[in-house]
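One structure, pasted below without further comment.
When the chains are written out, they are named A, B, C, D and E in that same order, and each has its own residue count from 1.
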Amino acid sequence: MSIPILTLLVLVPLAGAIVASLLAKSSESMAKNVALVSSIATGLLSVWMLIKFPTGSAGFEFVSKHAWVSEWGISWHLGVDGISLFLVVLTGILFPLVIVGIDPHHDHKQYLVWMLVLESGVMGSFLSLDLFLFFVFFEIVLVPMYFLIGKWGYDQRVYAATKFFIYTMAGSAFMLVGIVATAFLARRDIGHLSFDLIEIAEKSNFAAGTGRWLFVGFVIAFAVKVPLFPLHTWLPDAHTQAPTGGSVILAGVLLKMGTYGMLRFGVYLFPEAAVWAKPVLLTLAVIGIIYGAIAATMQKDLKRLVAYSSVAHLGFIVLGTFALTNQAITGGVMQMVNHGISTGALFLMVGMIYERRHTRVIAELKGIQAVAPIFAGFFTLIMLSSIGLPGLNGFVGEFLVLIGSFATARWWVVAATTGVILAALYLLWAYQRVFHGEPEEANKSFAEITKREAMLLSVFVAAIVFTGVYPKPMLNRIEPSVKSLLEHVESHSNYKQPEIKAGE
Amino acid sequence: MFGLVVVPTPTWYLVLSAVLFSIGAVGVLVRRNPLVMFMCIELMLNAVNLTFVTVGRAMSDINGQAIVFFVMVVAAAEVVVGLGIIVSIMRRRSGVNVDDLTELKG
Amino acid sequence: MELFVFVCASVMVLVGALGVIVRKHPVHAALSLVLTLFGIAVLFVAQSAEFLAAVQVIVYAGAIVILFLFVIMLLGVDKAENLQIEPLTGQRWIAGVVGLGMVGLLTTAVVSGSDVLRLRGLGIASSVAGENADANIQQLANSIFSDYVFAFEVTSVLLVVAVVGTVLLARRRTGKGIA
Amino acid sequence: MMLAANMFVGPAIDWFKISPLLVMLGGVLLLILAGSLTPQWKQGTYGVVGALTAAGSAVCTAMLWRDLGEGNPSSLLANALSFSKFSLFATFSVAVATLLAILVTSGFLVREGEDGPEVFALILSAAIGGMVMVQANDLIVMFLGLETLSLAFYLLTASSRWRSASGEAGLKYFVLGGFASAFFLYGVALVFGATGSTNVEKIAASLSKDTVLGGSSAMLLAGIALLLVGFGFKVSLVPFHTWTADVYQGAPTPVTALMGSVGKTAAFVALIRVFTVALSSRSDDWRPVVVMLAVLTLVIGSVLAVVQTDVKRMLAYSSISHAGFILVGLVAAGHSASADAGLGTSGALSYLFIYSILVVGTLGIVSVVAGKGDNETSLSAFKGLGKSNPVLAMGMTVLLLAQAGVPLTSGFVAKFGIIRAAVSTESYALAVVAMLAAVIAAFLYLRIMVSMWLSEGAASRDVAATFSVKASIALCVGATLALGFFPSLLLQFTNQL
Amino acid sequence: MISLLAVDPVLNGDLLWTPLLIVVLKVLVVFVTGLVATMLMVWFERKVVAGMGNRIGPNKAGPFGLLQTLADGIKLFFKEDLVPDRADPFVFKIAPFLSFVPAFLSFSIIPLGGDFRGDKGGLVTWFGHTTRVQLADPSIGVLFTLAISAIAVYGIMLAGWSSGSKYPLLGSVRASAQMVSYEAALGLSLAAVILVSKTLSTSGIVIAQSSIGNWNVIATGIVPFFIFFIAATAELNRPPFDLVEAEQELVGGFNTEYSSIRFSLFYLAEFMNTVTMSALMVTLFFGGPQPISFGSTVLDIPLIPNGLEGSVWLFLKTLVFLYTYVWLRATLPRFRYDQLMDFGWKVLIPSSLGWFMLLAAQRLGRNEGWNTIVVTGASVLVLVVCYALLQRSFAVSSKQREAEGSMF
């Protein structure tokens, strides 16, 4: 592999950001072009990587490793496997769409710069195979997100941005201590100080107690990011106050950093502890599912409703992750991507509604279907995907999670299933209140979807339908990695996956 | 010669200096006039000097006295600086009292 | 007899010190300070530190307290402080408790610690011991210019700071920019 | 006593090894002479002389570092100074901070029409004091360095005669500083009594011999406690921090920068040296206390920082919180049994170096924003800075993020070093507390950023900066980013400590 | 056995009655001598000044008016003791003593006599005990005088302040500023003496000046003596440095509000100080009680036993200085305040410092065996450069002061 494709994935958006920030203040269109070029280039690179990715490979591909802080055993170590593959692609595609599709209300140039920085950070987080490097990207993401929410958000933006920043940073505080402790404790087993994920995971042999503490440290950070109940309170605020583009990215990829982290840095590093913590995490996940759903039902604000639905959906992902079976984890990874697509699209549409009506209060929106039928059609499809209707992408992930978890976490699954029903309830009810009925005076002039918006949404819809109908290519690439992960877990703990019939 | 042959041991001196030091410290805490607070700091420094000399004698180490010499220089320089600052404040307004200095409150 | 000297000097020291913190008037406080300083000087003599005793009187009584008095008189800060009004409620009580605590702790520390003061070095020459009247001073000078020669040089920087600083405080630049 | 004068032999003096000090002293003398022998120079030239002096001193230190190579530490001037990588690094740190602060000061004085040699002479003297403190191998030498530094600071604090807050702050600083010095000195006296020496290494030797001797412990412990109180005041640890906010606010802004950088570095390095070298065999006695102080300092510093409305006060409390962080490094270094205790020392030193740069840069910007008269330091003065002066605001943002410890800035490297040290000596809880305090403190930096970027303000305030201030800020921001992206630039040196 | 009190300072050893008796005797002698000398000095001054003014002076009380001072004293003693209403009573009352006591104390370290011939070193034998004719010979000798003169400031300062009146306050502030300023020059010129005699003890200094060639006035070069003399005059607040009691400006100076016995204490202290200072100068620069001798030729006063001869020499030498003081008083006009300060800080202190450096360089050169001419040349060159720089800085600062306006 001559081209360091992963390094490029991180650096291209960053380069775009730097170029754009150096442009004169007046040349906003120029900045937009720069942003487009670099984000689209990143997207293409990610797709190319997807194509090149050898199906069936369980290990890390396209690895790129260079010494960075040799004094501390830290290196620039990137790699991609089945688990991160689609998240990277999702990131690569979502960003150009957001940049093309949604314009901020002011200060375009700065907005674009922050977006590109954000993309670079997210890419880095998904690709890092070095604990330190991962932490750097994980943290650096906060800064652009903070500004995106704080500067381009709605009324309560500063409050929301600050809450987001502080919550996440507090979580990372534990993780940083955990990371350093991990590296130092693993030093005995490895022989030298190293922050390399693979090296630590394969060679280290933590005592049960130690591993559990470290695991807790990591999981707190990820739980905030996911967000797992009861650490979720920042999310509705951040989502509601963020600008549409910010919300899309936040829901689409940022939250996945938490669930991805749990898999990669929780389960992989501390298999024994993951097994140990399983009941607690599953319980929290299920509470999150039900609580998110109920809370969503109560919301008066459409965007807030979608935000709470995210809490519920991510609960499913966590459920899948810690059920610790092949199918459940595969389903969880699927669900990460699917949720990114469908919730991202939902936020996009909520944003469109707000653009038109300058309100998101459900009660004030009524009868939109009558004036904008195509718009309503798009919404319906995306909503159904979010509910998990068979044939659409949401179903595949959710179903795999539930099936896979049933063997190891039966009662939790039973409880979680109510979440599925509740999801149908709150989304359909919301749909009914917004789109059905006689349009009020203010909603009479609700504009139909524009061409640009339609094109934008079609990308999402295409992904929704394709994945729903034909998930096989995705599953083929995800499964080997998941399998090898679970083998790692089994070999490093006394946990054994229950036998289930193969071939889902 | 007077039938009383109690000779003060170093401990006596050390206790005296400890008491003196404490008096000085309390003085800094209770007085509000910076000049007097400042005098209390001098008391504390003197207590320290006494300790050094006593310890030096008890250990037959002349360095104890050498140190006191430096402390005295420091004390002198401190006074010059402190009074300089007080005078420069006084040139702007009259009546130096720590409680009257209220511009800085946070 | 050393007992007699010690008792007299300690009374001077303590009365002076208490005077500093209870006398209302700054001038009286300064005079009390002088009393303490003299007491300390006597205690220095009692411990064969004649040179320091002289320096103590010259520097402290002769320069430092004089400067204090100067400032008090020149600036008219001589209004008495009303000690009846407590600055902060309970502050005096707290300070008293703190003070007593400090006395207790420090006294315990020095009492229990002073038995470990061991003989080291060559001994301190006092005029009592030797026929050379300047022995104490020579010994001191040897210490200052060998062991502590660097410290001695640093004091020069310290004094430069004091001088430059007072110049800075006294200086008034009327011309903005280039004079 | 036969000590005739002609028997006297003075100690050997290796002039080159004290060249950093000598260069500084030369600068002081040059400035004083210039002030008394010549009429007023062209604006800004005094600053140039001062900056060149500090730079020269830094260069000398670097050369000494190179010459030392792998050589063993030694001591100079009859054991008064230690000559090691540790002391050289700290000296370098002081010199660099001085250089940056002088650049800020120069622009400040020119703006206020107060340019003159005295201020720079004082700053350089303060640097001398700081250097003496960090190199001192003897508690008395250390005390004299401390006093030189402190006296210069008192005077500099009170030097803005057009602002009455300045004199007031100077007086408060002076009284409390003198109080603290007395405590420190009494501590020295008791340690002298308990161990028979004021020399750092001799104290250590004496204590390692007597580890089982019970009698000396009370006096020694009292001495250690008093030393800690004295140092606690100087580096503003809670509960000895009460002066900090008033003084930081009242002092002229460049002086605040100097206090936060040179003052903090010098006092902390001295603290670390005394406690990890001289008193290392008693670390079981002092470590619990230091842990308590660290936790208090971290938490209270951060919490109080958040409720302030004046940026200089905020930075004062944030400096307290940072002090708590550095103290965590000391705790780690106190685990003398652990092989990783050295990480605490090197972590604390890197933290100090990085923090010095950050604080000078931050306060440099504050001094620009404060405008003529140095009065506009409230949070609202920063409103709309992102619009009216985006470059400055961006620089401030970088520096604030670094103070918050965001990755890819030097601040993260600093915090990481400390956390690494704490974790390597298994002080996990302390590490977590430190990080959480950093999060609380992050809120404060966010408040300033909110003011700059997210609030509308009087856009057209005049915030012109002179070249030297700009240069200083640019250097600070550049160093912050460079060290953030390439920590090896610093670590290759601190790893040798 | 020679220390601050001429015996073991803290009386550690066994105390015998004879030494104690000797000490008590010495104290009595010194006290009485001091008082009588002061009384006579007052008379002497009045008489001489009168003579110079072509008047008669006191001539009624006693032979040649010798008892005039006593008469005045008795009169003052019986006057009413007034304490002004606005005075600070406690301080007002102790101030005169603070002035009077130090004046006596410094007299205690002056060698008043003794036999310096051969290598007796001024020791005499009384009642079987070898001792010096001097109340105390502390090892810190001359520093003691500096310490005492530092204390002497208090009397004047507090007297002026405690009177609760403007003029005394101004007078006392002036006086203390003057005394503190000139003390520096005094100390620096003393340092030259110490450098040459290698000891601080007054008896040691006297012993070192065995012949005229060794007298410190010559050995230190004449300069330190002049500086000392001038500074001492200023310390004494004698004309032409008597701004403290400038009647024209300050009514009466610091003692305006004093009357009766308290006033007389100030008065006595002043003259006592004059006598002490003269004796001190003789001790430091003119060989003290040593007889005048050229090389090995010693001028011997006939008829007087060797043990007493020292005292006679001291008296004669001191008389010269006393006369000089009176003479100055009768001749010289008073300084202006700024002139006084300028003179002290810009002339006396730099020159005494410079001279001290010169002597130190010479000594170093001699110790290291350097070429004397080169050393002298180099140090003179340095001094000249320093002088030029100093003049330059004075010029610059006065220009700046004009531009900026003075501080107060």
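Basically, contacts are C-beta pairs under 8 Å (C-beta built on N, C-alpha and C of every residue); 3 or more make two chains touch, one makes a residue touch a chain.
Computed from a predicted model, the values in this text were never measured in an experiment.
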{"item": "Neighbouring chains common to subunit B and subunit E, by label", "value": "C, D"}
{"item": "Length of the shortest touching-chain route, subunit A through to subunit C", "value": "2"}
{"item": "Remotest chain, subunit B as reference, centres from CA atoms", "value": "A"}
{"item": "Chain ID, smallest distance between chain and overall C-alpha centroids", "value": "D"}
{"item": "Chain pair with the higher count of C-beta pairs in contact (B-C, C-D)", "value": "B-C"}
{"item": "Furthest chain, CA centroid comparison against subunit C", "value": "A"}
{"item": "Chain centre separation in whole Å, for subunit D relative to subunit A (CA means)", "value": "43"}
{"item": "Centroid distance [mean C-alpha coordinates] between subunit E and subunit D, Å", "value": "50"}
{"item": "Rounded Å distance, subunit B centre to subunit D centre (Cα mean)", "value": "27"}
{"item": "Residue numbers of subunit B (touch at least two other chains)", "value": "1, 7, 14, 21, 24-25, 38, 51, 55, 58-59, 61, 63, 67, 70, 74, 77, 81, 84-86, 88, 96"}
{"item": "Residues of subunit C touching at least two other chains", "value": "1-2, 51, 55, 63, 70, 106, 109-110, 114-115, 117-118, 120, 122-123, 125, 135, 139, 142, 147-148, 151, 155, 158, 161-162, 165-166, 169-173, 175, 179"}
{"item": "Where subunit A touches two or more other chains, by residue", "value": "none"}
{"item": "Interfacial residue positions of subunit C with respect to subunit B in the complex", "value": "1-3, 6, 10, 13-14, 17-18, 20-21, 26, 29-30, 33, 36-37, 40, 43-44, 47-49, 51-52, 55-56, 59-60, 63-64, 67-68, 70-72, 75-77, 79, 81, 87, 91-92, 94-96, 98-100, 102-103, 106-107, 109-111, 114-115, 117-125, 139-140, 142-144, 147-148, 151-152, 155, 158-159, 161-163, 165-166, 169-170"}
{"item": "Complex interface listing, subunit D residues touching subunit C", "value": "1-5, 8-11, 25, 28, 32, 35, 39-40, 42-43, 76-81, 110, 113-116, 118-119, 121-122, 125-126, 128-129, 132, 138, 140-141, 144-145, 147-148, 151-152, 154-155, 158-159, 161, 190, 193-194, 196, 213, 215-223"}
{"item": "Residues of subunit B touching subunit D in the complex", "value": "14, 21, 24-25, 28, 34, 37-38, 41, 44-45, 47-48, 51-52, 55, 58-59, 61, 63-64, 67, 70-71, 74, 77-78, 81-82, 84-86, 88-89, 92-93, 96, 98, 101, 103-104, 106"}
{"item": "Residues of subunit C that touch subunit E when the two form their complex", "value": "1-2, 4-5, 25, 27-28, 31, 34, 45-46, 50-51, 53-55, 57-58, 61-63, 66, 69-70, 73-74, 78, 127-128, 133-137, 170-175, 179"}
{"item": "Contacting residues of subunit E [partner subunit D, same complex]", "value": "198, 367, 389, 392-393, 396-397, 399-400"}
